[in-house]
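One structure is given below, represented as structure tokens, and several questions about it will come after.
Chain IDs A, B, C, D and E follow the sequence of writing; residue 1 opens each chain.
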Amino acid sequence: MTVSSSSPRGDMLMMLGMIVAIVFGPIILAPFGAGYPDLMQKFAIYGIFAIGFNILFGLTGYLSFGHAAFLGVGSYSAVWMFKLLSMNVIPALILAILISGLFALVIGFITLRRSGIYFAILTLAFAQMSYNLAYSVLTPITNGETGLQLLLDDPRILDAPLASGDLPLANLFGLQMNSTYETSFLGMTLYFNAGYYLCGVILLVAFYFAMRIFRSPLGMMLKAIKSNQNRLNYTGVNTRPYTLTAFVISGIYAGLAGGLLACTDPLAGAERMQWTASGEVVLMTILGGAGTLLGPIIGAGAIKYFENIFSAFNESELNAVFSFLPDGLREAVVSVASTFVGEGWQLTLGVLFMLIVIFLPGGLLEGVRRILSLFNRPPGGGMEERSARVKSAA
Amino acid sequence: MTASSDVAGSAAVDPRARRPAGSAYFSCKDVHSYYGESYIVQGVDFDIAEGEIVALLGRNGAGKTSTLRTIARTDVPELRQGEIWLDGRPLHTMKAYEAAGEGVGLVPEDRRIIQGLTVAENLQLAQIAPPVGWSIERIYELFPRLGERRNQEGTTLSGGEQQMLAIGRTLARDIKLLLLDEPYEGLAPVIVQEIERTLEQIKAIGITTVIVEQNAIAALRLADRAIILDTGRVAFDGTAQEVLDNAELRQEYLAI
Amino acid sequence: MDAILLQILNGLDKSSAYAMIALGLTLIFGTLGVVNFAHGALFMLGAFCAVTVHRLLSLDIVTLSATEKTAWGTPMEIRTPYAEAWFGDFGTWLIDWSVPVSILVAIPFMLLFGVLMERGLIRHFYKRPHAEQILVTFGLAIVLQEIIKSWFGANPIPQPAPEALRGMIDFGAAIGLEAGNVVYPAWRFIYFLFAMGVIGIVFAFLRYTTFGMVVRAGMADRETVGLLGINIDRRFTITFGAAAAIAGLAGVMYTPILSPDYHLGMDFLVLSFVVVVVGGMGSLPGAVAAGFLLGILQSFASMNEVKSLLPGIDQIIIYLVAVVILLTRPRGLMGRKGVMET
Amino acid sequence: MGILNVSSINMHFGGLQALNNVNLDVRQGTVHAIIGPNGAGKSTLLNCFVGRLTPDTGVVDFDGISLIGLKPHEINQAGVSRVFQTPEIFGDLSLLENVMIPAFAKRDGSYRQNLWAPLRGESKIRERAMAALADVKMADKAGMIANTLSRGDKRRLELAMGLVQEPKLLLLDEPTAGMARADTNATIALLKEISATGLTMVIIEHDMHVVFSLAERITVLAQGTVIAEDEPAKIKGHPKVQEAYLGGTHS
Amino acid sequence: YTNEPKGGTVTLGFNVPQSGAYADEGADELRAYQLAVEHLNGEGDGGLLNTFSSKALKGNGVLGKKVAYVTGDTQTKSDAARASAKRMIEKDGAVMVTGGSSSGVAVAVQSLCQDMGVIFMAGLTHSNDTTGKDKRANGFRHFFNAYMSGAALAPVLKANYGTDRKAYHLTADYTWGWTQEESIAASTEAIGWTTVKKVRTPLGAGDFSQYITPVLNSGADVLILNHYGRDMVNSLTQAVQFGLRDKMVNGKKFEVVVPLYSRLMAQGAGEAVKGIFGSTNWHWTLQDEASKAFVKSFGQKYGFPPSQAAQTCYAQALLYADAAERAGTFDPCGIVKALEGFEFDGLGNGPTLYRAEDHQCFKKVLVVKGKENPESKFDLLEVVDEVPAEQVMYAPDHPMFAGGELGTCNSGA
């Protein structure tokens, strides 16, 4: 994506596409079995996380292997805000942003002294330290392995006391995050959930921000850092503030995502900070297409879809799916298929990773592009079909 | 290295004896190559006789480097059509290391000194795979500068010193076809003269050479023949003298 | 004093594992420039070579008991290993020594695996961005580990050391301290010696041949090395195979220390990357030194005296040291300039 | 006193004395050439000006400020731009972006103002970048990715990147190496034109045609030592220079 | 209420670890659940429906509805477990979620079920907190806990190792480890032992040797390993490797104790478990009618005996179904009422009480020892003692369990 290849019209279409995709998310996702609130929320939240990560990695090429630390910090901050102040999500998100931003500033300031693999390992080290400490020594703040949760006797200074025995629910000025309007449509149940729409709106804003950054001089500078940092220095640019900005912005995105995780499900666990979680966002970004605007969202969706939907298949469901086959054949098919779903879902994910990189360098978005180019559509349009196709590819 | 003392007018000994009648010592037959989708070398076609020195000229971006690289069988640009023969051997079926084993030696335009290796190691590296040519000591004799700097990391050499190393590295192999991509670039006039003398020596030994050079006059002084490329095609093929005499040609393609 | 000696000894075996894994990894990562997230999985595969050999050696002849029944009513199975049935005492010895014996299987298997992996997959990724290398090798790691899981289950599978080597060595007594205070399991010491041997062989090979130089050169500039007539692809394949074999050997011999399970590789993966980077990219001695440094420091940090001073230090020490080293020495302990800095 | 004042620079690499008590005085608005054999220390000297290397001893004063110890970007901000001997470009960006980046850096260098405004809105910067590309006759290639340029074209791009900054002092390290003769002539003309606007230039070249067409003063370095400094005409006839550098047959 | 079953089926959510260190345990749990579903729906040999003291279940489903189920992978991570449970509740309409193999996950999913208004029947979770400070009205635990382990083990340890012992604890550094350390230390101190040192080890450390060597010279003569799963396998094997069990300290033979045993893990530790004491919730060699019946139907279906995790999960599924049947509704509040204070027998653990105050089951606890001469790879533990429920009973406000509130049942909507 060079400056010259982006057009205001294309961007507008892309934005419009996002809006349509988010508004009609429940309808689009329902046929894939992904149209229930929790997974839709996760799509949006991890989309935000991945977009943010991509601002650092996709633009500057600095590969952080510790971004999960910011996600975790965001979650903890938000839950603490719920516990101490109010169940309203706004203060929780604000604190998540502030604390994760601060955390990113400090860690970025230190780690950005190095580049390449040295930087990656430094960020990994910080995140692993955070994780290990959160798991054990910092238990008073993090509640260790169990994770920080709401308790009946939390102070919640601003909130009115509740009927005894009821745990409070996260809300936006009274609109509860878990309130869902269910309706039936073509035999599918559609869920219109408040938490999802909150995440969706924030995803939109996050996406818009990211797009502005991509199209701004800042974005160009960041790309130049990736291309030839040395040269940039001799061109009169002090690159540190730029990389630090990118780092902090992406840290804030991660913190915001962490905060939203807490808003939709008020529990913050340490494993959110583990290296595997940092690795996951790296994989999401690359899988979707690093350095592109839409890629990371698609990658996040694909991975979460596998984790939640593929792991849920069990033999009895497979038998139902293949019931049209004759018995002997069905058993054979089911036993083959069952190595790839249910407890084998990670195998499928591994295979998917390999296939994508081997055959679609540039990620899933590249695949979408290729398919679109078959139909010869203008780029940027046809968003619903896009995400739909990715789903069917997944 | 064939230590024959035959010089340029090698017609005296018929070099074609070893090859099927009618085919040249070296020939490019309708060579087309691509960088991905961009079509750069668009049907280059020429022959070179054994021991001949050919100057390959043309504007920036004419495809000189691309042609040399195609001959040396580097991965890019990719040869998609055409044949390249050296001394009866089909280079077009080979990979770069196999072509090098057949005696193709390319001195690349950006020198490509290997990072992390000393001067001496850069030279040693050239002698790992056969055929081995000049001894390393002999190269130090030719370029005393390199001898003095033998334990310095190759990439910290000055631009000119790197050029010497790149040429030296190629001479360390026993080559049949020497491809020089802008060998004078960045060299001080004294050194240019030195390298010119070296090339005269190489010419005297009878190594077939293709030289790409912006300094056309210098190249033509050395060369027997000149080929001018323009947008990936041969625009002129004749003796060096013809180019020097033809002001119009020079003006059009070389601006000299 | 005793305690410190003990912890140094204690750091040795773990350090040896780190060092050997890091050695192979740095060949692939620091030399070939491939971010190999499947390296832990190679270690794990090695360990499962030992498991497989043990299983094969103790393959049973199953006969159904006529009288006894299981708790759920089917006839009880009576099992005798083929090895014992066929070879008698030698068979028993073979089963007992199955871990060292499996080295003979692991070397060719891991070499072959490494070669196939390089030819079939890694080769196409030398020129691709690191990110894509991560994705593909991580995918491969998951696939390998899931395959192992579906064959061997998720539980750890114990692999005892040979009976003769299960004892303890009393180092304290050997240097005149009170007997029984500074002791160390024999097998762990053997592991350390084994690691030194492997490391020594690799170093000698690279030192006294031009192989190392060529591979380094090929990493810096494949094309130019090719222009000098060297078939760099073949050397890369060999290097990769060797790295895989080293990881596999480290895994085989480690099984009596740590019962292998399918997740073993992932546990070592991150640490081995840290070790390699702390050692400095492109430096083999660096990787080995860092392996020992971090392993022994980790041992020390777990001492009660240290832990009571700095709670939780044992859990973060490796990362903390990594941060300190990377901040004070830009390229780790012995890194070369320009390797993986962008 | 000139705009660039360099005195008693010493620099060594290991046992090699790369620069030996070098003094240089470049006057405002002139073109000053540095010539000398390969490995004489010319590029090293330039590296000392732009902060890539720090000399062991010596003073580099530019326009009243000392450059020693400043970071590369600070030196550039002070008005010194450099064109590299081996092209250093932003390989995976377009030519236009390659030139816009130095243009931005010039405008503020500081980081504050570049954050947000859409790039498309930056028409002034874009125009300047296009003009610089046009100066080196590459305007038609503005959308190409820099890595796909031929080598000669990369050098011209380098030149454009230096020019667009409109620096006070432009350091040129072999700007015409590898350029076709026609382009070399065009470059000479271009540099002459720019020099006429009062820009100071230091140029390293091995192409004597270029040197003698442009330079108003020439310093000759050999083995890290200044062996001569004078007007072009005198340098040509200087016996030491003849021997160490030009060789017998030239010009 | 949430997810009231509408058609002819009722959906249960089986949320077990399918990846990660406990995958095998999870697989066994899932087998047990599938067996339970068969039995509830009247397929197979009926299993424990025949021995269960409550006769409400008829093998015709529950409340006339056929039992269907959905499965999910907890990955032994709170986040993943909650996501998986949410899917079951939101998308698949599960009225009850059950399973799991670690306390962190149990607590996390339990509180989720409370918030969303479904019933949670915990699987394998041994931390005091699950029914202690993190107890919830919608959650129930059939499995025993750390306190009970301590209470059951202490007399056996006293009988075998005497009253004058010095214990050294190695403890997995997270909530379950801590509660077990606290419980065991308290109960061993009560029989006169002293606690020399309590050392926390990072979860998943792999090699524990650096924590074991200090034990050698610490003066302790008993090592207590508060580890579970892989950690236990590794720390135990390594303790044996370092010759601890051949050591004589203070004139006594050095001993190792593993308070929480599981057969699956004992398999992983191999030889090392021989002669080592611990406690367990249930073991397949028990000879009561219910246990025999369960082993039989499980063994016939799968070819090997069930683990304690399988048994607890099977029991939980039946208990839930029975409660629904007795309450006449799937409404969580109805179920809670039916389970609170429920006394039953015939599920393999003898007479059992689901205590109303904290939703913890009280039943006998098994003290086991690693078998010296196992007959098969499943026959690794021998039951030394079946400690009656009274002996492991504690007051609901016991300090180790204090701090939380049960709250009130939540039926959603």
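Throughout what follows, contacts are C-beta pairs under 8 Å (C-beta built on N, C-alpha and C of every residue); 3 or more make two chains touch, one makes a residue touch a chain.
What you are looking at is a predicted structure, and each value in this text was computed from that prediction instead of being measured.
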Any chain that touches subunit D and subunit A: none
Touching both subunit B and subunit C (chains): none
Longest centre-to-centre distance from subunit C, chain (CA-based): D
Whole-Å gap separating subunit B and subunit E, where each centre is the average of the chain's CA atoms: 77
Distance between the centres, which are taken as Cα means, of subunit E and subunit C, whole angstrom: 35
Separation of subunit B from subunit D, taking each centre as the mean of its C-alpha atoms, in whole Å: 30
Residue numbers of subunit B (touch at least two other chains): none
Residues of subunit A whose C-beta touches two or more other chains: 132, 135-136, 346
Residues of subunit E whose C-beta touches two or more other chains: 19, 23, 27, 173, 200, 202
Set of all touching chain pairs, with the criterion as stated earlier: A-C, A-D, A-E, B-C, B-D, C-E
Residues of subunit C defined as touching subunit A within the complex: 35, 121, 124-125, 128-132, 134-136, 138-143, 146-147, 150, 266, 270, 273-274, 277-278, 281, 311-312, 315-316, 319-320, 322-323, 326-327, 330-332, 340-342
Partner subunit A, residues of subunit E touching it in the complex: 18-19, 23, 26-27, 30, 69-73, 77-80, 82-84, 86-87, 90-92, 103-104, 107-108, 111-112, 114-116, 129, 134, 137, 173-176, 200, 202-203, 404-408, 410
Footprint of subunit C on subunit A - complex, ascending: 57, 61, 63, 110, 113-118, 120-122, 124-126, 128-129, 132-133, 135-137, 229, 275-276, 279, 282-283, 285-287, 290, 339, 344, 346-347, 349-354, 356-358, 361
Parts of subunit C lying in touch with subunit B, wherever the complex brings them together: 210, 213-214, 216-217, 220-221, 223-232, 282, 336-339
Partner subunit E, residues of subunit A touching it in the complex: 33, 36-39, 42, 132, 135-136, 139, 144-147, 149-153, 164-167, 169, 178, 180, 191, 261, 265, 267, 269, 271-272, 307-308, 311-312, 314, 316-317, 342-343, 345-346
